[in-house]
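Below are structures written as structure tokens.
In what follows, chain A forms one complex with chain B and a second complex with chain C.
And now, the complex of A and B:
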């Protein structure tokens, strides 16, 4: 990145503030729709941090995959599962939250101490910069070929698995030769969301 | 700009993710916290790739793998959430006790 040092520092500070503030909002806000939109903001500022780290290709992949796919997927999930229910308050929930907060602060202190005390072998070579895309492609098809193919198989498995898990199940006891049923979709009829489903019995 | 700044940012993001993962009651928010933790790991990989291995850029290759696996994880996780929601009619983590003995 051919920016001046001060510009880089200010950009880094802004992006870190957006990232950490957005992450705190994701975790702490009550309304989950706000959390989902803030998550998109966190992903976008993370891609800005990647650009600061001379990784344009991964920044573009981050915007495409995380902002374009994962955020939208989570928003769809929220809207499909949107149930306005007040959670039953747990006994001594504050104790669990305080303990978790203590563990997280302790973990952060541990990580920060080990980060600041390790003598990092900082390389003095010039970063690859915009040629990184070609270098990543060479890596994919030479020394990372097996993980690359395994990732493609994993994506296929995840696609099929998500479809199988999320679709409605078949009615198990429909007679196969019944002609009057032949033109209907072989799925359980969709329940009405909140009010009607409580009264009618399960088929 | 130093390596340590990026590592501290990633550590803070990871700890926020752990806090949300443990304390959230809503399943979707748990998935979002997992995404935050995966992003923190990615930031670590990218920082190491830029400062310790700027020519080989193995860290960027790993980050691309992590991104693809995170996408698969989000899809399967939301499918599981939808399936549990259809069976139990709730999104409260405290009521998902299917796998307890």
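And now, the complex of A and C:
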């Protein structure tokens, strides 16, 4: 085994452990903030796996989009609407947990079986490596043009929707206090137009 | 395409001649460039802190540090030693794990980004194909560290500061990426080496700053905002937020934020000099001079001169930009948070989009000048 192969093997083991451990932490931890940070860790380790597969561009895009945008957005959401609220212990909560666990194990078994039984057409070609950037661009503008454009339209819709939600330029008719406390965001009602353009979310 | 000195080749050959197997020689070589760059980046903190103190002093007609070392050059070391020996306090109600992890996540991506900074044709840790895109991706990790330290301090000023910092760096990342995209469009490559090579050949006239003046300004403004330099240092606006996300930090954890911010400033200056100021290129093309004097480009002494001129030019351009950043600090008032976001989203973003479109149009019209 050469040096490069050894490094690859050890890195692969570490990345897999980080991905699986992080993902389990996301699901199992009680503290939602820990889960959100661990999700960022999972995305980062996945980009490491892409690097091992010689897909540098995909790895960088993964970090930029998932770690830099999606995770930060989730964290923003959690931190802006962070209401200290203890969970009310429910009777027979284990029933729900057991059902969830059963569904998850079943799904995993199904996916694992189909992965193992599918005759994958594994390409024996040398990975394109750095040339992949150009190849991805060509695909985006030829045979994958429609999905690419549809995805961008979807993002535009989400962007406009977020702006509409963020620009609440009305005073609520209901006097504050009518709503039950639990349903309210922990913020003051906005003034008329003045503070409308504080920050637009990023898509 | 192997101009310049092949340090790796000579090092490995020298060790193989000494009787080491080739694999072991290669393994010994691997950490060397990384260590050199890490040490260089760390030393750059000292230089930048000293420059900042001295230039600030000059701007305010003071003398600045002068007792620690000659001309006060060791002042940053004194600061660092003080920070190391300070008690490391974790607030009682803070989250100790995230509190410790936050500063590290802010600093690590910055140091990692030095991976792609070239100081010469072969003087770079690795010339990876995604080059500058990797830097953009890595710089998008920092907000997570800021949010983490802001949240875990369990202090309303820290949380607000962390949220502000994250909002700021997300907002300015987009104009910055679009400005980089315009440069990439001209050089047909994401690799930093290719970007510099595309500007070479005509000396100072070939640099991207003449073809991308708007892009240069957008990038520099966005880079200052990413580094949280004045006039964009809102996350630590002391009259509003005590010290933002740094409020609860002491000792070296506090120091790490400053390490990160100074290294990031130098890194941004280096990237600006690579993208717009011709990287390691001398204002007069060295190969043209060599041809004029009748010296072959493969002459060893000429290559040594080219390499050292390259390193000096890269550092000189970067520190000239750091100088401008320090001067800006004492000329500009701090902007308000709504002005900051308005400026980023309503001015820089449209302008950088127009810049990108114009570059694409010019590239189609004048493929000779705009790298067709």
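A few remarks follow.
Please note the rule applied: the second predicted complex is superposed on the first by the 161 of 203 C-alpha atoms of A that agree within 3 Å, B and C clash if a C-alpha of one lies under 4 Å from a C-alpha of the other, contacts with A are read in each partner's own complex, and residues count from 1 in each chain.
By our rule, a residue touches a chain if its C-beta (ideal position, glycine included) is under 8 Å from a C-beta of that chain, and two chains touch if they have at least 3 such contacts.
Since the model is a prediction, treat every value here as computed from it, not as a measurement.
Look at A:130: by the touch rule set out above, it reaches chain C but stays clear of chain B. When the two structures are aligned on the shared chain, A:60 is found in touch with chain C, with no touch to chain B. In the superposition on chain A, A:52 makes contact with chain B only, not with chain C. Contact with chain C, but none with chain B, is seen for A:37 once the two complexes are overlaid on the shared chain. When the two complexes are overlaid on their common chain A, residue A:68 makes contact with chain C while staying clear of chain B. Measured by the number of chain A residues touched, the leading partner among chain B and chain C is B. Of the two partner chains, both chain B and chain C are touched by A:80.
Residue overlap on chain A between the chain B contacts of one complex and the chain C contacts of the other covers 57, 61, 69, 76, 80, 132. In the complex of the two chains, the chain A residues touching chain C come out as 2-3, 33-34, 37, 40, 44, 56-57, 59-61, 63-64, 67-69, 71-72, 75-76, 79-80, 129-133, 195, 197-200, 202.
Interface residues of chain C, counted against chain A in their complex, comprise 23, 26-27, 98, 128-130, 133-134, 136-138, 140-141, 143-144, 147-148, 151, 159, 162-163, 166-167, 170-171, 173-174, 190-191, 338, 341-342, 345. Listed in rising order, the residues of chain A touching chain B in the complex are 5, 8-9, 12, 16, 19-20, 23-24, 26-27, 32, 35-36, 39, 42-43, 46, 49-50, 52-55, 57-58, 61-62, 65-66, 69-70, 73-74, 76-78, 80-81, 83, 85, 87-88, 90, 96-97, 100-101, 103-105, 107-108, 111-112, 115-116, 120-123, 125-128, 132, 135-136, 139-140, 144, 147, 151, 154-155, 157-159, 161-163, 165-166, 168.
Those residues of chain B that touch chain A in the shared complex are 1, 3-9, 11-20, 22-29, 31-33, 35-36, 39, 42-43, 46-47, 49-58, 60-61, 63-65, 67-76, 78-83, 85-86, 89-92, 94.
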